[in-house]
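In the two complexes that follow, subunit A is the common piece, with subunit B as its partner first and subunit C second.
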Partner chain A sequence: MAVEQPVPTSAATPGDQTRIHNIGYRNYDGPRLGRSYATRSLYSQSLRGAYGLGRSVKSKVLPMLLFVVMCVPAAIMVAVAVATKAKDLPVDYTRYAIIMQAVISLYVASQAPQSVSRDLRFKTVPLYFSRPIETADYVRAKYAALASAMFVLTAAPLIVLYVGALLAKLDFADQTKGFAQGLVSVALLSLLFAGIGLVIASVTPRRGFGIAAVIAVLTISYGAVSTLQAIADAQNSTGAIPWIGLFSPVTLIDGVQSAFLGASSAFPGAVGPTNGEGVVYVLVVLGLIAACYGLLMRRYQKVGL
Partner chain B sequence: MIATESLSKRFPRVTALDRLSVDVGPGVTGLVGANGAGKSTMIKILLGLSPASEGRAEVLGLDVATKGAAIRERVGYMPEHDCLPPDVSATEFVVHMARMSGLPPTAARERTADTLRHVGLYEERYRPIGGYSTGMKQRVKLAQALVHDPQLVFLDEPTNGLDPVGRDEMLALIRRIYTDFGISVLVTSHLLGELERTCDHVVVIDGGKLLRSSSTTDFTQTTTTIAIEVTDTDEHPDGTRVMREALHARGVSVEAGSGLPGAGHILLLTAQGEETYDLVRDVVADLGLGLVRMEQRRHHISEVFTTEDEQRKEAAVHGS
Partner chain C sequence: MYDPTVARLTYRALLGRRRALILGALPLLLIAISVVVRGLAGADDQTASDLLGGLALATMVPIIGVIAGTGAIGPEIDDGSVVYLLSKPLKRPTIIFTKLIVAIAVTMVFSALPTLVAGFILNGNGQQIAVAYTVAALVSSIAYAALFLLLGTVSRHAVVFGLVYALVWEALFGSLVSGARTLSVQQWSLAVAHKVAGGDLVTSDVSLPTATVLLIVVTVLATWYAGQKLRSLTLAGEE
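And now, the complex of A and B:
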């Protein structure tokens, strides 16, 4: 009977562990792909995560729903344009994102915290930084992933519009130009919104706070700016309108695209910034994106281990 | 494996490490110190994540100041605190961490399955981590530190929060990391007792200073304490007192075990060798007392510190 007993391996390894021992440990001598590969993996994981892929069913609901909500109006517009044989789409490519800004804000508010607050809250960050990647790699991967996710969200309806416009046999050159301008505009918007969202979310490990704070910053700034612009318009001080517009992300994008991307402005009186003022807009947008990146770097330098 | 040379780390208010020079070879090495002794700071420096204020350190022959990324590719780290997201499964999490260490996707999946099995996680690895017990979480934390087959692994307080059985299992696992997997281990703890059993070598630090660095066999020899408890008889109504006096008469210094439950009845003496046990037996027999217990005491780290602390305090008094 006693002969049947498994050979004791090392100190105190009863039952199961003896079996493990028999399977044996294999060393890994395959390739180690290093920093840039790890950064790319983090990027793709975060990008998928921004749509709930590779996560629970529950976390897929909101991003997917918002994606559908973003695209449905575009599909309806296309259907209407095709059916009525209209000469132009009911909405410019550049205007679409401005009209749908509530959906975009909601998306960034829900996904920026899930991207960074989780790692902070569950203290996963030290595990990343005990591996080859550096602070900058982590920040870049997270920023790029959220910006890409937002670009997917904002560019998809433009593609629907563009394909629809071509099906409706609208002027090809005209539509392509508008589509390209729209893409540049939403790319800037994605970078700006993602940056703002991540900076706010990276300050708090609490996801709820992050969501509320991002929504507050985006909507309150827009509300305040558009109210002030309306007041300025009512008092006929139209010169002040473009300058006020510098203080909210949505109006910033609006200003840039009406100055340089042939968009009609959503500002009161439909008067966008002039070219000179437009340069200021572009500089402010680029400055804000750089500032967000810088703030994230500073934040994660502190988090460390 | 690890070599530090007058390594210091000063923060504005505290000195976490003070001219620490240690040499750690392959095997399981325990880094022992009370909370705040500088254990975690040392690991951070060794991972190349926090620059030392002074001195230098090498891990696997690589300078921590310049070769941090290369070190982190070959070293695993298990933090002291919780670090697991509750909403993903152990498999998904460890695969992701393997890729973060540079393993290609297929290798990451294979290594994850292997490693989780080696640390003792089976079917539950497909369930979200949120539902795991503390012991299982510790195993996942260990798995993510081992998944890329490092040459050296830093384990920061791996037995924290585990029950006695869980502790023993974890310690056995740590032992196997070196004996079976061939991965050297630096494990921190504030309990010297549990490291005595697991480690080949123990480094004790306190207040950022090196107190002692020696192999575990030296350690146990110099610090064995025996606790004895005897019964009272009609002849000797206070057996403990009689016992103490009798031992004193034979030249053995005895202290009362203080601060422990039933401490009044427990006598502590330092074992000089086998003959001490014989002496105790003979004394008990001569007095006709009953011997309730005679056992080796597990040392709490504070016992190692006491003498050193006292010396230092004395030195400080003399200095001022």
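And now, the complex of A and C:
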């Protein structure tokens, strides 16, 4: 039974019949914090998340464990240097990250997917983009957060070494120079590894697959490159060694720092790149970082729509 | 004990869409490197042994084993769709066994086969090196698949733990602490390879009887325990 609608008494125009009643909700008139604030929030959330802060206890275990594993050898070296009154630290600042590369690779492999894959899998990316932030902001915030987390991971042992070296009364100018060179090198390394990790992780919504893919790219490329270098060294074709080193992230960083940052190369036969080749290394590293950023931007142009 | 439907689903989960291409990239890389090395260094038994031992057996087989072993069950438990499988009238050990067979097959195809091809490219199976490393890859495929399948049922972070075992325990600790080598799938399979090759190029720190016993024990125990684990599986929400 349809109830007969009361005919509007006043001779109103049809446009007047449809209107939204103001039922007294208040408008928001506080400050609108805007795009840069949202980006900063995303950055700090991602950075905290990379160490499991603000997440469950279980997800704190792995990053914290890796952080401790990174720092403990540095502390032991410092203790030995102080106890034996050594003239120099047992390991160069620039060499430390190369030695601990397995730990760094594991860290980036475990944290890059947790940073981006879960957003893809639970389809939260469109929610981010319904806020004022844009593609570039999201990519920049995630990239900067992971790179900062990596920098914290790689720079902390260097700080331990530096403080220890000063406590052991090693030469101040010498140590400061080495420390600064080490910081530059790990900053480059953080940017490069974070970029590679994020690009691979952003392709797959499956976390486990992302982890395996990142670690496969990092370790297999290093394994392949160092095998080829060893063979080139055995064949006495030392000219080829630096050029082979261009094909894996770890050897790229190694090449850059042995050409420009006063490091001794970990290549077979300690054949580091010359200055000319070092320029190529720097260009490749910067190119890779830019390429990672570009790929991420392209990836998030049309995600989740 | 073997259910073709479960097997088909697992194959699709492992190799469906573009995943087969990504899995196939690693073997292709190994073969490409072998071609380059053969061109650079010629046929040399020591080089072939180094490359197959260092790259194929120590890096590629574990990584493919992690992907196949944990990928056979991990994602299903992760997104909760495993309940649809568990609610079917199938024994849980049957599910595990089927998934194990699939994981072993995938690991073998993507790691042992390219090892054989790479070995033939490197030195044409001189001193039985290609065959020896292929046997090692086959044997370790079984053990890795069983081990990582178990990890997939036990932990949500199975991939990370699998990689920590494969890369940190076997590679790092194995080279520093000789005792760690006794407890390493890689060394057990090398013991088998040593028996096949017979020469001094392929060596292991573990004797053949120990290695065989340990391989069988680990595989059987891991499979049994994974079945038990699946019987009392609790689905946790996302962290």
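The working rule: the second predicted complex is superposed on the first by the 276 of 305 C-alpha atoms of A that agree within 3 Å, B and C clash if a C-alpha of one lies under 4 Å from a C-alpha of the other, contacts with A are read in each partner's own complex, and residues count from 1 in each chain.
One rule holds in what follows: a residue touches a chain if its C-beta (ideal position, glycine included) is under 8 Å from a C-beta of that chain, and two chains touch if they have at least 3 such contacts.
For clarity, every value in this text was computed on a predicted model and none was experimentally measured.
Within the superposed three-chain model, A:T219 lies in touch with subunit C and out of touch with subunit B [touch as defined at top]. Residue contacts after overlaying the shared chain place A:S59 against subunit B and subunit C alike. When both complexes are overlaid on chain A, the residue A:R32 reaches subunit B alone and has no touch with subunit C. Set against each other, subunit B and subunit C differ in how many residues of subunit A they touch, and the higher count belongs to B. Once chain A of one complex is fitted onto chain A of the other, the partner contacts of A:F209 are limited to subunit C, with no touch recorded for subunit B.
In the superposition on chain A, contact of A:A232 is made with subunit C only, not with subunit B. Residues 55-56, 59, 122 of subunit A lie in contact with subunit B in one complex and with subunit C in the other. By the touch rule above, subunit B contacts subunit A in their complex via residues 40, 44, 47, 49-50, 69, 72-73, 75-77, 79, 81-88, 92, 96-97, 99-104, 107, 111, 114, 117-118, 120, 128, 144, 148-149, 168, 172, 175-176, 179-182. Those residues of subunit A lying in contact with subunit C across their complex are 55-56, 58-59, 62, 102, 105-106, 109-110, 122, 206-209, 211-213, 215-216, 219-220, 223-224, 227-228, 230-232, 234-235, 237, 240.
For subunit A in complex with subunit B, the residues that touch the partner chain are 9-13, 16-17, 20-21, 23, 25-28, 30-35, 37-38, 41-42, 45, 54-56, 59, 118-119, 122-124, 126-134, 304-305. On subunit C, the positions that touch subunit A within their shared complex are 19, 22, 26, 29, 33, 36-37, 40-41, 47, 50-51, 54-55, 58-60, 63, 66-67, 70-71, 74-75, 78, 156-160, 163-164, 167-168, 171-172, 238-239.
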